[in-house]
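Each of the next two complexes has subunit A plus one other chain: subunit B in the first, subunit C in the second.
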Partner chain A sequence: MSRTKGDEEEYWNSSKFKAFTFDDEDDELSQLKESKRAVNSLRDFVDDDDDDDLERVSWSGEPVGSISWSIKETAGNSGSNLEGREQLKSRNSFSSYTQLPKPASTYSLSSFFRGRTRLGSFQSLSDALSDTPAKSYAPELGRPKGEYKDYSNDWSISDTVRRLRKGKVCSLERFRSLQDKLQLLEEAVSVHDGNVITAVLIFLKRTLSKEILFRELELRQVALRHLIHFLKEIGDQKLLVDLFRFLDRTEELALSHYREHLNIQDPEKRKEFLKTCIGLPFSAEDSAHVQDHYTLLERQIIIEANDRHLELAGQTEIFRKHPRKASILNMPLVTTLFYSCFYHYTEAEGTFSSPVNLKKTFKIPDKQYVLTALAARAKLRAWHDVDALFTTKNWLGYTKKRAPIGFHRVVEILHKNSAPVQILQEYVNLVEDVDTKLNLATKFKCHDVVIDTCRDLKDRQQLLAYRSKVDKGSAEEEKIDAFLSSSQIRWKN
Partner chain B sequence: MAFPHRPDAPELPDFSMLKRLARDQLIYLLEQLPGKKDLFIEADLMSPLDRIANVSILKQHEVDKLYKVENKPALSSSEQLCFLVRPRIKNMRYIASLVNADKLAGRARKYKVIFSPQKFYACEMVLEEEGIYGDVSCDEWAFSLLPLDVDLLSMELPEFFRDYFLEGDQRWINTVAQALHLLSTLYGPFPNCYGIGRCAKMSHELWRKLEEEEDGEAKGRRPEIGHIFLLDRDMDFVTALCSQVVYEGLVDDTFRIKCGSVDFGPEVTSSDRSLKLLLNAEDKVFNEIRNEHFSNVFGFLSQKARNLQAQYDRRRGMDIKQMKNFVSQELKGLKQEHRLLSLHIGACESIMKKKTKQDFQELIKTEHALLEGFNIRESTSYIEEHIDRQVSPIESLRLMCLLSITENGLIPKDYRSLKTQYLQSYGPEHLLTFSNLRRAGLLTEQAPGDTLTAVESKVSKLVTDKAAGKITDAFSSLAKRSNFRAISKKLNLIPRVDGEYDLKVPRDMAYVFSGAYVPLSCRVIEQVLERRSWQGLDEVVRLLNCSELAFAGLTKEDKASSESLRLILVVFLGGCTFSEISALRFLGREKVMCLQRSPYCVSRKP
Partner chain C sequence: MAAHLSYGRVNLNVLREAVRRELREFLDKCAGSKAIVWDEYLTGPFGLIAQYSLLKEHEVEKMFTLKGSRLPAADVKNIIFFVRPRLELMDIIAENVLSEDRRGPARDFHLLFVPRRSLLCEQRLKDLGVLGSFIHREEYSLDLIPFDGDLLSMESEGAFKQVANMMIRMKREFTGSQNSIFPIFDNLLLLDRNVDLLTPLATQLTYEGLIDEIYGIQNSYVKLPPEKFAPKKQGDGGKDLPTEAKKLQLNSAEELYAEIRDKNFNAVGSVLSKKAKVISAAFEERHNAKTVGEIKQFVSQLPHMQAARGSLANHTSIAELIKDVTTSEDFFDKLTVEQEFMSGIDTDKVNSYIEDCIARKHPLIKVLRLICLQSVCNSGLKQKVLDYYKREILQTYGYEHILTLHNLEKAGLLKPQTGGRNNYPTIRKTLRLWMDDVNEQNPTDISYVYSGHAPLSVRLAQLLSRPGWRSIEEVLRMLPGPHFEERQPLPTGLQKKRQPGENRVTLIFFLGGVTFAEIAALRFLSQLEDGGTEYVIATTKLMNGASWLESLMEKPF
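Moving on, here comes the complex of A and B:
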């Protein structure tokens, strides 16, 4: 579905999507701010008797006496020492709630839902029942299901499945022939109730050898999926692995083994475990990812040990000035690269912690590398490094600025790290597209760039409009005035 | 508001009945363990529980202390322990460790486990294996539908999506069928029933079976809801993957709406504490802006602020009597409104700040380009840059999935390079995430060339037989071709607009995505309801890979009054977004209700 370039431009330029933009900070927010001021100005009048009970209930959302609130109370207190126990006990017990200024029961939570209560809001179940001919609102309410015991052996297959569906205890022991077992399973599948399917599978798993079970399930995909999910849930990794092996689903086998690493906290052990994953039958693509995962953790362990030592020794300036906030272990590659650009930027390629080494080992694309290095160096306000990042020399020895990510991104990242205007200005000027340049310059108050660009565009009106945005009597204003009164420029408007 | 409340809008059923029912059931179950007891509640159940009961109700039924179920030894000294949990294996292990520790210490207590919404045999098996079956008694609390608003019900089962759409486990289908059965006993039979998707079809069949088994009870009742529509989430992943721009959707994307309430941090409340706020029709300010495109919200709020100012100003020049009246009658309402207003303004500000910071405009542009299917190269490199800069991992995945589904999979070269960069930026363990997304059909690789499509069509003729399961499985990734472009054309999902799309006076459901895209799910619902069948939609159904999975039927003789026939219950199996809810509310000449499972289903973690 391709469109011509013209179509696209027309599309983006059409007013369809311009009605409202999230970029329009000025207009929309000012409206919002105005409303806020208006509302805030009313506060003086309103605030005098804030603690209105009715409002407290609907406003705090968790009214005193709500269940969540009270659990927090129990939790907050349960850790304290024995001495406070007695006291706590009395606070925790419900009797103390009645001493609170307003008992919660006065405002039942259901009053939030004051719908059309045809039956009144505090009617009991029996009242509600008498209103309608239906009897089965609460099936089996009279007798808890757990107490249903039925050892009759005479239930047919469909009766058995129906009883299972109703949550009744029902013995399956009489289904001993394979044929019976399979019929039972098929009946369970045909009523669609996953809980019953699982119940039958638990029985089959117990009473069939795994070869037979696997063989039959291979032909019954719905049941098979239930068994796989069940095994995952109860954590029977061994049987699951056997099953995947039987089904020849090698990739799932590998993934399910790999998943286990998430449960290993100790980094050394995790690393060793990942090593055992490397040879597993992943797809070619995933094999490489798992290998990288292992290598990354291996590196991180080395870097972490080294840097912790450096930090503790207190001799290295960068660690003293910017103490590490967290360990680098188990962080993503990009985060590791950022870390290394932050703490180890100048290191030679030979060390494990140097950015260049990381870039080579993991084949990090240029774009990604520049983006990350830029963010790290800008954060340290190392503008010289930033400069070097984009400077290339051609064969004649001339230097030129080049950015694989587009200079508008560079500007945004620099701005986020509060780069001074002189630096910003330099990069805004490198943005190729004039409109983008003008937008960015205006947004980040690079006055010179705006003024010069307007002049280059010969756009007198825009320059005039911009004059009101610069400080009175500033150098910028003078510059604008000089341009406006210049007879050299042939304005287009 | 964009959709004035129609004077002839049919009245919604009284869903508070569901809450009373759940509360009474819980009380009954607590009484089954007479005497003082401590109650352990699973974290996920706390908010739903809060919506139907409170501490004094529990206390009346001899609950002493409350604890959260978490992996810590219990400090409870009570003789009776009651656990209120979802049927999850890890909960069983926790309970088992508790009981076994007691046994070891020679301590005898009574234990009761209440499963909500139902118990699973796998859980019982764990209790048996751990040697505590019989030491604990088990019960079920069939609390499966929580009314979140006057027109919104939720099952609050975040695992539904993963269990069914990723693992293929059908354990929740019975829960759905039970919930539908409950609705039909409470609010009368549904005269018309439609659905699309495998899960929808199975739920429908099991539900019918339940109705037959307990026949006679709902018969003769006047239906309150005319239509029910069941829809699988995997029919339409695209809509769930788009950034939301209606107010409620933005609040959800920014702050997460959980169980109908939101936590506003200090940056919104402009004080030093966070605030939990219920978001529903009771909040008058919210109710007027929830379905609005974000661009209209500012104007509305500032108008509201001016009105409020004017109303306060009236007190100047009042005499004592008028003032007394004002204070006793109006002041409370005004104060309430004032607080709501300042909160929602705060929320808008916070959303705006966040969105401006993250280049939201560019993101939306990319999404729209993907939806329309042009500039694919440019969008791909936008996504790439997004990943390289380590912007939110979820957002990057969302964009990749959107690219994959709209393009019928990524080109192998792109797939490989984006995946590599993703792993480098966010961690190598996301290998597992990619494998999951591929299995769920959310992020796939294009099959090389047309040859495979030919093979596929040949094989698909052969593999209707169940026994050929293995082959089917091998081709299932192909069967999941999303065909989004063709569907989009067929259903006119990208509106052609001359001039500006007026978001203030929306002309169609596309307004929920700034006029750029009509949500596929809602369009399908609209089309079927217009025809009262799938007639003429064969091609669409085929493209959705649902040839045998779309159904429609008059389940009972059409005795319903025209009034009730206008009410529709839409069931999203696997979750829906607030944008879809807004679109359906817009569509609702008839009022529409949504049954929502998990609020959002964007990313699946390993």
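Moving on, here comes the complex of A and C:
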């Protein structure tokens, strides 16, 4: 108990326990030597290393990925069996690690990790909590102090933190009063070492009731952030949710819960999980998005089952001609709409897979809808559908072409899907801005549009220049010549 | 050796040498033949400080990447794991150790944490029953890796999320060691990325910056499409084009690269063509060499000339590749929008180019980068605009990106405007962050690195050295976070006399990452004749807008 510091150092440095101490050489003295040496060598530093020629040899590639590497691929199934561990222990006994009697508690984190995988955090939570009984800050009677005095001496709080920082084993168990524990935490925070803060937090998490832990951490934001990070790291979703609830950080709580869906592969289970997210305290907009997310996956599951069946049956023409490249599950909404415009375009609004139904359910804006439908129908070269997409009838029964996305976009998409010139031409003509129209017509070789536009602009020079771009003796050339020699047109140049 | 590290005002090769020595010492502790099992992420950073040859000299016979189940067979005495302190890696290590154990002859296991040991990880190993198997468990503080004569980086991914941690660590390290040694730096400037969120979002327009934007520079290496680098042999018919990416190292050890890396890309072409003329003239010299002495001299210069020619060929090819991108219509459109935002045009409404990008399903990173840029230039977006973008993104790229968008909000990159006030224009005008007349060929101001936008980070450094921050206090108050200055008094014995004309040296530490364009801007300031300050740059990560947002994207665990 009244050991002097020198004794302790001797203890830790004695050869018997050598393998158990890590960084005794990093004391201030040798650090100083290091820096002095570095500084002295500053001016007259001569690099006598002779691996000059090897400088260009690439490092990362070769040795890794050698033949021996591929052998490893075939070596499977390991897992941790008991036999292995026993063997391991006995073999390594010379390292003296296992000979060291185990201290009653060396801020042991074991109970929180044992056999737990990141994903299986749910069922494991209860035991994590159940082994933190309210004994928290009652002094441990019953145990003679002498029993562990060799390992955990009553170092002061700051000594304890200093030792932890050096990676040395150090019991925290003796800090039993809440006040001590909090001081320990504050000391850890003040040395700015995340390792130590986490170690202390784990100790507190185990020995304090949830309510007290949360209450105290709320007043200590740095430590709180470490705990949140730690809980995320070990995947203790439930305690995290409890913590957010306590802190009234409800949106974070909701998001944290929602994030879990990314780890669920099975579509049915994922859907069910998303359903549990719907009532959570998201912001108003996010609430709607999460609801949509659920509805979309629900739809996709129905569509997928139906279409897979149709495709396998081989009776439906569209699936025979254009086999599906991938499942529609978990695709974004716009991709789903494209899919539905591709495979289910003509379906009545009542079916789940019809584009119109999707549009209504998810309130897809006109622009987005037209763009997607256009891309899908153009890919199928269904020019009639394209035509219908832009035709509107006014109340007198006249038809008119209208595109919410602008006809220049229509032209681009059609061209990308290699629409024939006649079709392209029709839409290039509908582009309102003359310069854009001329540009697009030139780019996509819609000769008639270029020629007519030049005539309308009375731009003789440009028409003349364009003459060299059309084929010799073609109808277009004749047309240009006819215009150029016409006396009806008053050219501006 | 790495000559490019010793050119600078401060010899960073010392640092490299120190970490190399530490590595050798560790390897020698594990006597006998060894195999190293690598956390794959670490091979890049380690490549900057040591070659395989160094390891070989210390009896490293095999190297593997860390992977589940069993280790490949290796007839060695020691097996050493080089890993980052991450829980998921501990599980893999335990699996390796346990399965190795069942296989025959006993091995010695060792564990090297880079750059820090973690109690949490060791506890995990203990719970998995393998902690006792490791004879040496140590940490290897590969904190600041020297990249160039004036550049150090921690290369820690996701660093932006942990800025605070790093800052604290730095503080610890600086306090421990600096007082008693001869001062190398006159000033230390710590800059938190939060102060200047805008700069990394814009497209860098220096040569090196563009290489990074387009191909991504990893640990000073870049991988390029091989087509342009095919060896031109006659009669080959171009039948076997290389299919593997061409890997090149980029640093100032290469004379030509040192000259062009920090130039605006538009100024690179003329340098390359001038260089080409010089080199071909030099090769022509051989016709003039008549006497044996002259021929001998010519021959002695040949290796240097050939290296110069190789370097020129490489950079001409890279410049061509970049030019293909920068002359494309889409690049031009994107740049126009960026520049509009940065000069304050139409930052408060939905941008039609961004809308288009979403409709065409351009990469999400690109879209987010533009929206964040708009948000920062407008001190936050109007709620209606923000909601519109959000909706479009979620519908087009998937609802799960709700999480990504929240991460961006937390980082302050994307937010609703509060109080309806946009104070960015004031900041921009006071600090002259937008310059209309930029000389890309012979720059007169740091704004050349983004062809108009002067990085706020670098402007702050510039103003600090002259005339001092007192002149801009009002603006500083508008920037996020507190600012403070601290003087560290030196014992008189250590104060050195400055030679007339000798510059001050400032270490500028970017917490949360720095872009190549910012580095270029600082180098530009260092080279100014009347600048009076030279900069050495340290950072937690070399980054660009894409890699930055990538680190904030939400992925399945």
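Throughout what follows, the second predicted complex is superposed on the first by the 304 of 493 C-alpha atoms of A that agree within 3 Å, B and C clash if a C-alpha of one lies under 4 Å from a C-alpha of the other, contacts with A are read in each partner's own complex, and residues count from 1 in each chain.
Here is the rule we use: a residue touches a chain if its C-beta (ideal position, glycine included) is under 8 Å from a C-beta of that chain, and two chains touch if they have at least 3 such contacts.
This is a predicted model, so every value here is computed, not measured.
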Subunit B versus subunit C as contact partner of A:Asn263, first or second or both or neither: second
Subunit B versus subunit C as contact partner of A:Ile364, first or second or both or neither: both
Partner chain(s) touched by A:Ile228 [first = subunit B, second = subunit C, both, neither]: first
Partner chain(s) touched by A:Lys238 [first = subunit B, second = subunit C, both, neither]: neither
When both partners are placed on the shared chain, which of subunit B and subunit C touches more of subunit A: B
Partner chain(s) touched by A:His384 [first = subunit B, second = subunit C, both, neither]: neither
Contact residues common to both interfaces of subunit A (with subunit B and with subunit C): 19, 22-23, 28, 31-32, 34-36, 38-39, 41-42, 45, 52, 54-55, 58-60, 62-63, 65-66, 68, 70-71, 75, 78, 92, 97, 108-110, 113-115, 118-119, 164, 167, 192, 194-196, 198-199, 230, 233-234, 255, 258-259, 261-262, 285-286, 289-290, 292-293, 296, 330-334, 362, 364, 367-368, 371, 405
Touch list for subunit A against partner subunit C, complex: 19, 22-23, 28, 31-32, 34-36, 38-39, 41-42, 45, 47, 49, 51-52, 54-60, 62-66, 68-72, 75-81, 83-85, 87-89, 91-92, 95, 97-98, 108-110, 113-115, 118-119, 164, 167, 192, 194-196, 198-199, 230, 233-235, 255, 258-259, 261-263, 285-286, 289-290, 292-293, 296, 330-334, 362, 364, 367-368, 371, 405
Partner subunit A, residues of subunit C touching it in the complex: 1-2, 6, 11, 13-14, 17-18, 38, 40, 43-44, 46-47, 51-54, 62-65, 67-74, 87-88, 94-99, 101-102, 106, 116-120, 123-124, 126-133, 135, 137-139, 165, 168-169, 171-172, 176-177, 180-182, 221, 247, 249, 359, 361, 387, 390-392, 394-400, 402-403, 406, 554-557
